[in-house]
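Same chain, two partners: chain A is paired with chain B first, then with chain C.
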Partner chain A sequence: MAGVPVPGDKRVFMTGNEVVAYAAVAARADIMYGYPITPQNEVMHYWTRLAPKYEKRFLQTEDELSAGFTTIGGVMAGRKAFTATAGPGNVLMQEPMAMAEMMRLPVVVVIMQRGGPSTATVIYSQQEVILTTFGGNGEGFRIVYSTATHQELYDYTIKAFNTAWRYRFPVFLLADGYQAKMREPLTIYDPLERGIELIAPEAYLGRPGTPGVDRPPGHFRNTYSTEEELYEVLQGHVREYERIWREVEEYESLGTEDTDLLIIAHGVVARAAKQAVEYLRGEGLKVGYFRPVTLRPMPVDALREAVSRTKRFMVVESAYGQLSKLVRDALYGLAVEMVPLYKPGVGVTPEEIMARSRELIVKGES
Partner chain B sequence: MKTKNGLTKIVIAGEGGQGVQAVAEILAEAAYEEGRQALYIPNFGVEQRGGVSVAFLQIGDRSIGAPKFETADIVVALSGRALLRTRQYVGPQTTLIYDDLAEVKDEEMPRQAAQILSIPAVETSKKELHPRVFNVMILGAVIAATGVVTLDDAKKALEIRLGHKFEQDPKLRELNYRALERGVELLEQVMRGGKEHSGALRAYH
Partner chain C sequence: MKDIRIVEAYVGEYASGKSEVAINRALELARTGRPVTLVDLDLVEPCYTLRPLKKELEEQGINVLAWETRDAVGLGETGNILRAEVPWALRRPGHVVFDVGYGVGGARTLDLVEGIDQEPLFRILAVVNTSRPMTMTVENVVDYVRNLGPVHGLINNTHLGDETTADIVQQGAQTVAEAGRRLGIPVVATTAVAEVAAVIGPVDCENNPVRVLKRYMPRAFW
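Then we have the complex of A and B:
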């Protein structure tokens, strides 16, 4: 098969949507299915521009339901398939993704969060956290990476395909409109040249041999007749998800040992949080930073450890308490005060985080 | 012009079609080519044309944190509406540059700015150059105000972006370079004027 757009390492200055398209080619994805919605449109545009040069395919479907189900079809045919969507499109995408969860299908979905509820804005938010981690009628057996920089968008797009095909759970790359549309420098590379193994896809359907004679028959079901049968299958999913939890979870932290205030944020907001924490620490304040990279599974042990070493923690997000729900669930039983900094649908600056932190620390000392 | 972190924060706003996004992109591209850190993000909404277009740009030497910010070092507003939309980014350290044809009521002017400069950009581009290179003139003015990139690097970035057009019509290159230099001059003139008139100048007619 054809190679990658750029052999060797190359420093580039791109929008996030462009980064995802290049990374998908570098990950040797075979096909993208999609339906246009802002702010992810350019993932499709750049993919369709690159695809013919690298023997890759694209199918535009009639809506996101169809985009999700055709991605499932691609995966069952043994192709590395992915889709990208946002906002109301992400809502529709949950129906096929619940099926992928039920059938343990390694689909990859890129989400560029926009404002909600409903059409709201096409711009930016972190309001699709609960939807992306626990959307659908199911238990959230999925892996969600929340990226913060363009370098991570590139690295984690490549990783998403590997994680999906290694563990056979749907994998989401959760970014946002800011990351989609902004330009910043990053290094793109061929993962194979760096010695990163790319897990090969496998067909679910149409494998050679006679089912039941040469090989076990494939039962790929999303329908069960009895409660007990479903329960047994789900117990298998639970065991497998819990087994891989610690292998998959990822986080980033800074100065979390013995703090007066711990700031918890994810995605692009984590950039502002980290900047604020570095600044405040420079002033001699005992402030730490914790960022879950996987929102599902949540890095529970590390988070509990960091929180147990602080006097209080602040959850900062461009939503009204979605990350906070996941965090509080992970922290059950710990008696540490939580302070919210919620800005649903708008960006958060380092300045506001610093201002709120200073207030809290002064209050805490009095 | 740099803040204490060596980071310059710029907001450029104008009417749709005035080319403010291109100015920010070229500046970001030029800074990136110089090996500096740059982060550019446009505002984007459901409107494709009409309405105010705003570009946020940060240029520095260390990796850049959040894509948006509260207070800019430079705010460039090319219409009255653009000024109303962006005055929230003007703080006591901010230099505000606006086009002198922009209709702004006295009480709407963000007086907290460190410096308010008005330049006859729209008029100059119409009379002396060509409306098409209006935004390149603005690019020159921003470079003169901030020094975030050199004029040579801005020319290189223009070449990367418009080289194919320059090939077809070398006069176009000349026109763009002239616009760039004229933009620098406009700002330098008004800054010199500013010192003579001490502080906020020519701001309110």
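Then we have the complex of A and C:
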């Protein structure tokens, strides 16, 4: 039986991990490779519960290095393949993902961020932002969607496969332990019923015909003997990544036209930021909200535009300046003051953001 | 109810609402004036469910057997762990409510409780939310409950979080009741938060009593 577990549009109550598994089935993913790690375990649990009914496959590997490389293998065999991990697993996966980047392989990786180091909390953080956007010995040629709601987890899991197979760069869905474990309503649906095209995978290896006679032989290299050779290949990737940048970038903003304070946040923290901004605007304060949905590529033009219309901006995150590194890089040359609100490893509430915003605007503090 | 000792275990699908239903049941029983013990039997994620609520619940007069943050070192994925008092919970006086870890594996942890097979009124209650895709249809619920092992009653805990309406709960009541008929297992109650319960009335459309729930779990980690 192919298709989706629940026909039609259905309002449901789920945890984030389950949402990812159901969305992967709806995206017609073929196989998941994985190794258990909290807080993403239920992605695997639910995928394996659904897999037999929908002719899907699953392979539990011996670790995340292997999970990453086997996902690459699945992709090269022409399967829509994905994996999911967190924290230390994400560290190990940077090795295979750096290879996938150079080989332009459409792997999909779901990350549920937790607090570092590897033996630290299994619960939550936003400490895997730099790791996920620029990890590995490469140039960060990957696409990273930072989700904020269960609906987005569903929508962007489906989208991640399309983006990966359209552009042939690794795609990460970056969420966190809170999103993984919390429960909220969302609408699940069959993308095909909604007219969403699902890009078909194609095999890199094992195509018909005699290589070198009927077709050019496939030569998928992960080895570059000289610096110049690597440089040349990278130049191609640079051009392609920059070409697709503006097609791929996504953001959400609110009231950024003319503000005393612009609040910048991503992921689950952006929910608190948005709520705080809506409330403060209701009080008549000139506060705006900007949320990059893609952390890589960063929506640079829109971000610069929003920041150029504010007196100062505040970066709010559950890390000690990881989002702000990406933001400041995008804003190079703009002379606007930045105020940090860093809460590494813990959640941020709308009340905290509102309190700090009032200090900054009403009392004129810095 | 004053003289009867109630011993109940809440089992069911992941995120079906076991902890919420168990907490509310324990508080309801505490209002009878007898001691009540609420036991966290989740061995895999023991410090994330009841633990953040332990103090608050104890202030309301129930005895909570759950890990505290300062005790919780290396829980979860480092291995299963049982709090030392938990196997002896039934030696305590009064009512005992078990909040069992999720799924079929969770239901089996009840075997670890000393004397559970000798409790005359011991009941295992399966909590079902038909807004959860795994338990959305009558067939799903029947298959799922069959896998849980012995179950003495079903609880219709159908809801959609903040979007819950009386209609959603009543549709769940119908699905759970039909599943119960096919399984030969009675439905013990339907649950709903006060605003929704007020619309439904004292019994649901299947004539099952409505237990009013106060939501504690949004304050827990998960």
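Note that the second predicted complex is superposed on the first by the 361 of 366 C-alpha atoms of A that agree within 3 Å, B and C clash if a C-alpha of one lies under 4 Å from a C-alpha of the other, contacts with A are read in each partner's own complex, and residues count from 1 in each chain.
Everything that follows uses one rule, which is that a contact is a pair of C-beta atoms (placed from the backbone, for glycine too) under 8 Å apart; a residue touches a chain by one contact, two chains touch by 3 or more.
Predicted model, so just to flag it, every value in this text is computed and none were measured.
Participant: Kindly say whether there is room for both chain B and chain C on chain A in the superposition, answering fit or clash.
Facilitator: Aligned on chain A, chain B and chain C clash with each other.
Participant: State whether A:14 touches chain B only (first), chain C only (second), both chains, or neither.
Facilitator: Once the two structures are laid over each other on A, A:14 reaches chain C alone.
Participant: Touching A:80 in the superposition: chain B (first), chain C (second), both, neither?
Facilitator: A:80 contacts neither chain B nor chain C.
Participant: Contact-wise, after the overlay, does A:37 reach chain B, chain C, both or neither (first, second, both, neither)?
Facilitator: second
Participant: Which partner does A:296 contact after superposing on A: first (chain B), second (chain C), both, neither?
Facilitator: It touches nothing on chain B or chain C.
Participant: Once the structures are superposed on A, label A:349 by its partner contacts, choosing first (chain B), second (chain C), both or neither.
Facilitator: It touches chain B, and chain C stays clear.
Participant: Output check: A:123 vs chain B and chain C. Expected answer is one of first, second, both, neither. What do you get?
Facilitator: In the superposition, A:123 touches chain B and chain C alike.
Participant: Using the touch definition from the top, say if A:271 reaches chain B (first), chain C (second), both or neither.
Facilitator: A:271: touches chain B, not chain C.
Participant: After superposition on the shared chain, which partner residues are touched by A:188: those of chain B (first), chain C (second), both, or neither?
Facilitator: Only chain C; A:188 stays clear of chain B.
Participant: Residue by residue on chain A, keep only those touching chain B in one complex and chain C in the other, then list them.
Facilitator: 13, 38, 122-123, 181-185
Participant: Across the complex, what residues on chain B touch chain A?
Facilitator: Checking each residue of chain B against chain A gives 25, 28-29, 32, 37-46, 63-71.
Participant: For the complex, which residues does chain A have touching chain C?
Facilitator: Interface residues on chain A, with respect to chain C: 5-6, 10-15, 18, 22, 36-38, 42, 45-46, 49, 119, 122-123, 181-185, 188.
Participant: Mind pulling up the chain A residues that touch chain B in the complex?
Facilitator: 13, 38-39, 121-123, 149, 177-178, 181-185, 268-269, 271-272, 274-275, 347-352
Participant: For chain C, which residues count as touching chain A in their complex?
Facilitator: 14-15, 45, 48, 74, 76-77, 129, 131-134, 136, 159-163, 221-222
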